[in-house]
């Protein structure tokens, strides 16, 4: 995580210019907090939970938080590329996660796990290609394109697989893999960290990541700098597809089952995490680390609410309010600092 | 034109009193006072970022001053845009302020749609808008969507909008930046006519001749401070420039460059595209080729089609790379072959404004400052700083968002980002539009240096002195074709304009 | 009452089946297989819709179905409270409606030609009865994992379970309850969290509204190092996932629900109505309690 | 240098009829929707004419999603977004079922819509956050509230007879829903094309700074737009609840994306300022007809989904602008490859 923490997109405060007459101390504090909004929010939430919620800090519960965070976190980390490239979101992750999970278990039951993984990755390439070509080359609207591929993908998945629930053999490789733990940290969280490290590096420290961010900031200026921009969009969608498929593997391994409806709500769930993390929905600004923090924040919050016996309805209210609150603090801080 | 009969100047209409404006910690205006009288044309000059536009936006009620007051007829003006409009203050913005999807008539009447019984009255709208266009003497179809109009026409529509409000104070923020000389002359005459009718006009421009042609008084701003207000009759352009930059400006203008062109590097044959009707063009190493012509002549379209920025319908473009002739099939291949392009709309197409200067500079150079696709922030920083120094970026802070810089400095960043590639060819479309004198001189210096180093340079400019000054040879484009080619010694304002407009239009000079 | 039993079942007999799930759910998948097979046997021309539990979409499907003038409509209500207009519309068009899987409300039953399917309330009750037996009068605390929030089956099973516990064995206390969305992984996580919140030591049992979720709950118990066999665990389904758990003694009891039975009898009932046969008002799927004792009986062989 | 009568900007503006017509058509944004509708109608005519003979059914399917889409269009035209429409539909329904009195219930539902619209607008206008985010938060909040208030169970209406009456035709074969939908369309169309405030929505979406500078009360227009959108969604929620005789706290799962699809297929640009209510109507019609047609053909549901997705994808990819973009992007990519390979060969 160290490497991510150093990534300039998060660490560099954009408004840290020395000034003649700066804003008031309070405004500065607010701005400081807003710049690091999600870090502050997450730390405060975790501290408060440790202090006030019984059982929160237990090893078992930490594992549960990781379980909540991992699959959707992997999806969100991948989708960060699409969001930063200025293409709103990829709705088809719902279909992709389910497809990855069903193929992993379904195909490994009839063939073998390596073949299953290859098939699933091949399918994820197809998803990325279709979305990426339609959005990148045809300049079609990303929301509608990925809505279409969701329909097509889920339709095909259910039609071809017959739609059943798939479960792997008891104590088979997949289940054993899903049960691996490093102390309190389940394998799914380790996969999340690895994916986040790789994709975080890709986004913040490679030419590809750089042009994705540039493209999200200004498409035409990026194109006129000689960047082959359709390929950039294609790449962003391919990465999202790849991550979604890995998330499908993780989800399948965790429960040793796969159903086509298991990833319902991952589209807006992942987007919410990305936004809470502070990545701009207009593209250009944001980072993988921010997304990870956003996911951790939502997962801890949900976990705490469940631990406190709060019902599903209030959980939703709390998550929604926090999305708005987190972004409002940021906006208000900016306003104050401008005055 | 300046020796028109002196106009009758009336009482002070609008007054800014000790205006201070801060954006966050940055001080944009620091206790500036100005007053404008009815019937006068009042000039405001200053370098990019001096605070001219900010002051005008405060006068027009768009921004609220941090301190100080705006007085209209001696009464404080409060209540934002609406109140300012009601008080008869009309602003023609520096950045175009039109709704592209709306028609000419709707844009002219924007914010003041005439209604009858709650519904918009089309007839009234056409009548008012038509009258406003007639007043400024421009004939355009009222139902045309503005998105299909040229930049200069849009500028006139903005002026028509201001005029349609029957204002008492008309503020124009760099209205001529996008206009050709003919259009500029026309506009200046029009402004004098309006002033004679008792209108108070505030006029901002980086082109000092215009100011000396029509204005009565001039105020110089520097770094948000009021430096001087003088009667035009009592000052000279040199004095003004010194006050604007606060230092002696070594004048590059007029220095004739020793040019010794090499072989043809960029060659275009039979280029056709929408608005471009079969153009051949060669640019040699170390040569600066200028493209002159009126707005709408198709110069931008020509170079964009040549480089593959926009699709072309016909023609071939080649570039010589290390002695080998290469086809330019698409814009990416153009860049790969070492062609750099500085587009006309720098804020829209040239820069990612929300990214740092360093990132913008790195964008076309990412291959050379990364290893195996992996970027190094330190190397990028160093690379960008060097180039920022080369172009004289002020302040030279490459970590700042490029959107925080003034127009001239933004243009320097656009040029800087290409310098890293050591381009074989550089194409610049209106490189100094809206750029102040200081920055303009520096950009000219850069362009000359590039040519001296052997780069083939192609420049589009509607600023005739600039075009004449820079170019070794000028092709004049009219109606999508090359109307004529002028060598340095045969080119002057008159010869370029006669080719640009076609013989018939040249009546006076 | 069926008022258009004129056309005998045979080729060209058109039937619309308005379902809220299909291949998107494991239950629906097997249900559809059985339904299609039976329709083939009966020679019915079946058109199936899937409203994905969106009541508005199902109402619209119903309008389309009525407009297509089929000989009969099979309805699996997405939300029982919302199907009255559909039933009225079909009645006005003279199309008989049979109900499958989850029944319409009592006051709407007169508009239907019959019901076949599980007694979802009864299933919850049956699972509660197993739990009561297991508790055997001792004071114990249990957790509940509910189905998808707002889902009719989830609501009925929850009501059946809770009300039966209240009545038969108030010594069993439900001290926490969260939805597991019919998913194994969701159930596993919420169970684990409920255990943490209540303190694992204070929990003696778990009820999950279906076998998939109970499998997740059992995994959660195991990963907290609890002795699953000592816990009192019940659910509903006896599916291919749940049945082995009963056999090996981890799941103490479940209630057999056969998707194949359900899908098949939806068509059988429809065919009977079309043939003008007298049908009983309700054809309930036998709610067989499955415990270790009978888990391997042929009668309760799981089919999904 | 200038001519005495004004300035010459090239050829005189086009005035012939044909030019006028071409220009008018060129300005329309509904092309894609019309093309899609034409295809759907022709295919339906050949495959399943029942779509037409049972047009009230088709209409009510169109109205189901279409009404919400109309409201959404207003917000999108202003360059904003409302992701909370589906949750508004649900919450309004639940609020409506809180009382036995139908009239009061409808008022409660619409009041909910006003409140939601005001909250959305508050965050966008006053706090200054992007509507995409504000309404994404509201999506969760309102859904959660609906579940909390209803205790996650459907709430049947007291006055079932009236509710059932409400689902029956009143004008010819048209049910109140269809009539309200048509009315909403006509009113919104007139508002956006003829009324000053409505026309100014386009300016707010097309160039917000310009609108502000021209003295248009942008904030007030935004509030109006968000409230209109939410009230229409709430109205749709009330209609749903009446027609179903019960409020369902889990309803509306498909509304958000379908109404979006209708608007975007209808040519409404997410960037604002471009599009029309008519386009959304046609978009909703083509998608609704497609769905009804597919249902009637009895094709397996999974395959229906594949068709719908395929048609949507084709519709956005075969837009003339898309095809142009694809042609030049492909050229770019291919030449890029060629340029690179020659580079390598010679250095």
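To keep things simple, chains are lettered A, B, C and D as they appear, and every chain counts its residues starting from 1.
To be clear about the criterion, a contact is a pair of C-beta atoms (placed from the backbone, for glycine too) under 8 Å apart; a residue touches a chain by one contact, two chains touch by 3 or more.
All values derive from a computational prediction rather than experimental measurement.
**Student:** Suppose chain centres are the mean of their C-alpha atoms. Which chain sits farthest from subunit C?
**Tutor:** B
**Student:** Tally the contacting C-beta pairs at the A-B interface and at the B-D interface, and name the larger one.
**Tutor:** When B-D is set beside A-B, the one with more contacts is B-D.
**Student:** Roughly how far is subunit B from subunit C, going centre to centre by Cα mean, in whole Å?
**Tutor:** Each chain's C-alpha centroid was found; their separation is 71 Å.
**Student:** Per the centroid of Cα atoms for each chain, what is the distance between subunit A and subunit B, given in Å?
**Tutor:** 43
**Student:** If you average the CA atoms of subunit B and of subunit D, how far apart do the two points sit, in angstrom?
**Tutor:** Their C-alpha centroids are separated by 39 Å.
**Student:** Using mean CA coordinates as chain centres, what's the gap between subunit A and subunit C in Å?
**Tutor:** Comparing mean C-alpha positions, subunit C is 34 Å from subunit A.
**Student:** If you look at subunit A, which of its residues touch at least two other chains?
**Tutor:** Answer for subunit A, listing residues that touch two or more other chains: 154, 158-159, 163, 228, 311-313.
**Student:** Could you pull out the residues of subunit B that touch at least 2 other chains?
**Tutor:** 331-332, 336
**Student:** Could you tell me which residues belong to subunit C and also touch two or more other chains?
**Tutor:** Only 22-23, 149 qualify.
**Student:** Please list, in label order, each pair of chains that touches.
**Tutor:** Chains touch in the following pairs: A-B, A-C, A-D, B-D, C-D.
**Student:** What residues of subunit A sit close enough to touch subunit B in their complex?
**Tutor:** Touching subunit B from subunit A are residues 8, 12, 14-15, 17, 19-23, 205-211, 213-214, 217-218, 220-228, 284-285, 337-339.
**Student:** Flag every residue of subunit D that touches subunit B in the complex, lowest number first.
**Tutor:** Residue positions touching the partner: 1-3, 5-10, 12-14, 23, 27, 194-196, 199-200, 202-203, 206-207, 209-217, 273-274, 324, 327-328, 331-336, 338-340, 342-343, 346-347.
**Student:** Considering the complex alone, what residue numbers of subunit D touch subunit C?
**Tutor:** 50, 54, 56-57, 60-61, 64, 147, 152-156, 160, 163-164, 167, 240, 243-246, 248-255, 292, 295-296, 298, 300-302
**Student:** Show me the residue ranges of subunit D that touch subunit A in the complex, using the header's touch definition.
**Tutor:** Residue list for subunit D touching subunit A: 83, 123, 127-130, 132-134, 136-148, 152, 257, 260-261, 264-265, 270, 300, 302-306, 308-310, 312-313, 316-317, 319, 321-323, 325-326, 329-330, 332-333, 336.
**Student:** Across the complex, what residues on subunit C touch subunit A?
**Tutor:** Of all residues in subunit C, those touching subunit A are 22-26, 28-30, 149, 176, 178-179, 181, 183-185, 188-190, 192-197, 199, 212, 215-216, 219, 223-224, 240-241, 244, 304.
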